[in-house]
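What follows is one structure encoded as structure tokens, with my remarks underneath.
We call the chains A, B, C and D, going by the order they appear; numbering starts again at 1 in every chain.
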Amino acid sequence: MAKKKIQVGLIGATGYGGVGLIELLINHPSINICALMAKQETGKPISAVYPHLKGFCDLPVFDPADPKCPHDFDIVFYATPDGVGQKEATKWLNKGVKVIDYSGDFRFNDKESYASYAARIGKPKEHANPDILHSTTYGLPELHREIIANSKLVGNPGCFAVSCILGLVPALKFGLIESEGIIFDAKTGVSGAGKTPSPLFHFPARYEAMNAYKVTGHQHVYEIERELSLIADKELKVTFTPHVIPVSRGIITTIYATITANANMENLREAYETMYGKEPFIRIFSHGEVLSSTDVRGSNFCNISLTIDSRTGKLIVISVIDNLVKGQAGNALQNMNIMMHIEETAGLMYPGNFP
Amino acid sequence: MAKKKIQVGLIGATGYGGVGLIELLINHPSINICALMAKQETGKPISAVYPHLKGFCDLPVFDPADPKCPHDFDIVFYATPDGVGQKEATKWLNKGVKVIDYSGDFRFNDKESYASYAARIGKPKEHANPDILHSTTYGLPELHREIIANSKLVGNPGCFAVSCILGLVPALKFGLIESEGIIFDAKTGVSGAGKTPSPLFHFPARYEAMNAYKVTGHQHVYEIERELSLIADKELKVTFTPHVIPVSRGIITTIYATITANANMENLREAYETMYGKEPFIRIFSHGEVLSSTDVRGSNFCNISLTIDSRTGKLIVISVIDNLVKGQAGNALQNMNIMMHIEETAGLMYPGNFP
Amino acid sequence: MAKKKIQVGLIGATGYGGVGLIELLINHPSINICALMAKQETGKPISAVYPHLKGFCDLPVFDPADPKCPHDFDIVFYATPDGVGQKEATKWLNKGVKVIDYSGDFRFNDKESYASYAARIGKPKEHANPDILHSTTYGLPELHREIIANSKLVGNPGCFAVSCILGLVPALKFGLIESEGIIFDAKTGVSGAGKTPSPLFHFPARYEAMNAYKVTGHQHVYEIERELSLIADKELKVTFTPHVIPVSRGIITTIYATITANANMENLREAYETMYGKEPFIRIFSHGEVLSSTDVRGSNFCNISLTIDSRTGKLIVISVIDNLVKGQAGNALQNMNIMMHIEETAGLMYPGNFP
Amino acid sequence: MAKKKIQVGLIGATGYGGVGLIELLINHPSINICALMAKQETGKPISAVYPHLKGFCDLPVFDPADPKCPHDFDIVFYATPDGVGQKEATKWLNKGVKVIDYSGDFRFNDKESYASYAARIGKPKEHANPDILHSTTYGLPELHREIIANSKLVGNPGCFAVSCILGLVPALKFGLIESEGIIFDAKTGVSGAGKTPSPLFHFPARYEAMNAYKVTGHQHVYEIERELSLIADKELKVTFTPHVIPVSRGIITTIYATITANANMENLREAYETMYGKEPFIRIFSHGEVLSSTDVRGSNFCNISLTIDSRTGKLIVISVIDNLVKGQAGNALQNMNIMMHIEETAGLMYPGNFP
């Protein structure tokens, strides 16, 4: 007898984070897309918004408030901007529906941390539902797999944070770098900014344009520092500079840290192999191998390479992900698989296309 | 008991046509990649050539002449340039191995037609194996599905030809356009030129550059005219102009034909629905819907829209494919499925990623 | 003694058409930019809007209605959307100030023609100032140089129209093509759509996307037909299909026409040389030479090549311009030079940059 | 009476560095291009290689060894790879002809420094002409203007070096940063790799691909360290990581340094204004202003912004140039103007085009 499929609801279906999840769910062996919801394009089939889905998923887009919208979900995804999920999560949790939220709404366990984060993005410092913050889990499976498996409410990490944290944790955990002076120089494709047009991402203004932005002021720095501090067991401050690059998909983060006296390529390599050797979505490369953002485009992988600059005593880590997959929808689906206790890699084993 | 998997050999594994097939075969439910062969990069795992395959397919690349290379195939793909498959196909056919060739080597049934084609691409006019030409099948499933199913040797169509032929056949077949004065204005992404670097496709020379090329002289015109002539039951000549556009993937062909007196949007639409209504990989759109090359990127679909310019009496068809999928590896796999009598859509039902 | 400089006013300074003119005016030997005006970004220096101008032009952007805005111009450019210039031109003309308008406001000499055009772009069919239409000149110097020189009000042509008309006029004028069945298949860069962000031109949605749009319905068809009809001395209808391509700048139009019995490469070539041999901004190329959009990027040139498809009796013309230069600001400046009776090429002799 | 024009010879005319210089020389008021030389494309007019130059510069390309090649130059440019200029410079210098070389051949004053550099790029460690090294000048006008003015042999800086050195010198000179732990994270467009096609820069392999390369091993690090050490008056080691980005033109370098106790935004800003306030080609921007690579595309400017990360005590400098202009041909021309004692900005005052 066929096993009952997991019933999935998706709020924010028409954004890049939504469509990225739909693309994966279409061929997922154990789920059924129960309802697609969004504030825009309601009433249309999703394939009228994204014609590549025609014949694969022609479900209508419901307004989340529409009473005709199906709602018997096992799990619901909020692929929505900051501030939406925090107002509604309790409603679902109370019905026994698990929740995964893409935004920063549930990445922090206390209201003070959330307030710092919210201030950076110009949102109200008060969380709409501070009492559930203690029960949220930061959804980075490589660090918190067990807790995620027992969670009902998961905050999916920021895309930059995934590449920064995964890139550095083993070196830090095994005491092979100093905790001071860590620098993350991150370069992202434009899709990270989402679907809404703006002057900076208008094709003619962007096709040849690269720039740093939010220098010293990007909100992902908090979750990076929090996770690294947990690993180092001490309070860390890091320098994080994001750049926008005229590609659609991909984050490449170049990480600089000062190596400790006992560090060398052998024990560094060993640290990464020890932590990540069995990870299904992390691949370690050697210094000599060039990591390109296209090696992970369309896949849920994080590729990592390690180099020591012996002249200056710096570890240089290159960490590469697809911001819309491991940095967003793919990682969210990985969380879902863990939370629903099915194969963690289900619906995620694609290499992407080249070129 | 698990059904025995189809054993596949792939010659030309390191080119774009090869890697595109590998990407599809990895998740195909009924096949096993038995051996990868190429003249270049031999001895390396294919994932060292294409790092996105790491963990998905790490098979070594064999020289086709290497006696250690596995060769117990059920079917072999030649993802090779013109002139390779024609020398070797008989060897496989004699062993009962079916053959699909990507090049023009087996697209023609007589040596005279082949000679015209070969002359245009600067190849010797004599086919290396003219005696088997009569047994080859032109591998466009939408037109020749039954014959393909009974074929042992299939010539996969040219990428431009797929978009041109599929775009116009119904109108021609149902007598809704004149057979004179047909014009195909095709725009292709750069991957159509393959993997070998050249000055024209060097990134700085290409990123903002669009141009027509081989004006009046592109070799795909022969198979287009042959197929259309078969449909029209009379000798046709067409004008075909290819352009290179700075995208990686995609062909959009704009087709102009003079409508006959009895043609109108209703019977045109009906003609296309009649021919293509049950086709798994053709989608018909209305005049008002904008067809973008990204709607089929990474998928095996051909999207088609129809417009009548009533001021000038022209039918304007827009026909869009991914040149590396429906225009190459995807269509080849569709042929394989038909030839091996398994589900025609097996391993091909992906919508692609957006953006 | 230094000659008095021509005083120039520019309305719509912050759009692509405005900044393109400023870039040229900066190094023009005989003009002075007197005032920059726009509805947006008022009060800022233009170099705060376009940082590449910092140090070259730091003039403030005035609201056109601001009484403090300088207004002692010799000539004023309206680099504004349809509907703006027609309301204000008389005001300037009455003061003896010449006017060049980029939009369709002054491309037609009678209100009926304007009404057809306006209907296609969703504007009111009534021209705001129909009485001055008879005195406007269509600003294509290669066809109307003398009249432009004596005009006070010039409508700068549509970018597509420039490439279509220049590409075909000699063949038509010398009777070497039929006037029926002419097809223009045009491909434009995204900057042609202007500076305002929109979903279709958002970088992630566009970087790999090419599409046809306004199939049979683009408004430039009227001026193309009008100019060609004047040349042919009979009413012409043409088929015109524009496509958007993910480059920033450039239009490449592929033109198809049926050659007449007496036409051959020699007299075709001669026709183009006769008409264009002394044109400062037209370059004729041979069939074998590939014309790329980057050959004219950043320059005021129109490159043209001619091919006869002897199999089908078609003339195929490739016509290439930079849509923002010969298709807009450069052509407008060329008109200004003619209208002000200075060297026609002044401030325009740049080859552009490659790559 | 017209002043005699400076006679210029250009060796390596067909590469990107050559054509970039030709584009500038065409409109330079005081020079005459006397001869174009290259090893490839000899015999053709340069405009057959670069069609955008047609009508602007149709000089033939000579083999440098061709006795028919004009050679009465006042100054000669070697826009050639490493190893060419060092063999030939003496020949010109002996005839009283000044020499500017784009490569690393003349960037070092002693053979030991050159040997370290040469080793990194796989060239012979022995300089072909070590006796003239003491008389070469490092051609960065902002640091060495006076010496350049009296030099007959100038080594034009590496493109990365220009952006790194200009970005940091004032902070270092005024003692506002520590000399330890300086990090340069540089991102360059693909044109920096030159005109020769290669698999990594093939359009389909590059259009969405960003990657770090030569991690810890790029040869420009030597001239950066040498210049900074001169400024700091002590031996410095720096970390320098270059990245290739899918744009054609532009370098954006993000520089990280630890501020000293007395440093603040006021004295940092003052340091940069003091050093660069009168520089014709440096523009200083505030922390809040986003610097884009397109702000300097096609121009000879270096744009710089300063930020202090008070949480971590780091100075973050963004330094942006066009790698083919201020990073190559433009800077070389600036050197020529200085060496020939004409206006330093002659032929260089262009803002570039946007978009």
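Basically, contacts are C-beta pairs under 8 Å (C-beta built on N, C-alpha and C of every residue); 3 or more make two chains touch, one makes a residue touch a chain.
Not measured: the values here are computed from a predicted model.
Compared on C-beta pairs in contact, A-C and A-B come out with A-B as the pair having more. Chain centres computed from CA atoms place C at the largest separation from subunit A. Per-chain Cα centroids separate subunit A from subunit D by 39 Å.
One inter-chain figure worth recording: subunit A and subunit B are separated by 37 Å, centre to centre, where each centre is the mean of the chain's CA atoms. Rounded to whole angstrom units, the spacing between the C-alpha centres of subunit A and subunit C is 46. In subunit B, the residues touching two or more other chains are 16, 189, 191, 204-205, 207-208, 246-249, 291-292, 294, 297, 355. The touching residues of subunit C, when paired with subunit B in their complex, are 181, 183, 185, 187, 189, 200, 204-205, 207-213, 215-216, 237-239, 241, 243, 245-250, 252, 254, 256, 258, 287, 290-294, 297, 305, 307-312, 314, 316, 318, 355.
Listing the residues of subunit C that touch subunit D in their complex gives 16, 19-20, 23, 26-27, 50-57, 191, 207-208, 248-249, 283, 285, 289, 291-292, 294-299, 301, 303, 324, 349-355. Within the complex, the subunit B residues that touch subunit D are 16, 189-191, 195-199, 201-208, 246-249.
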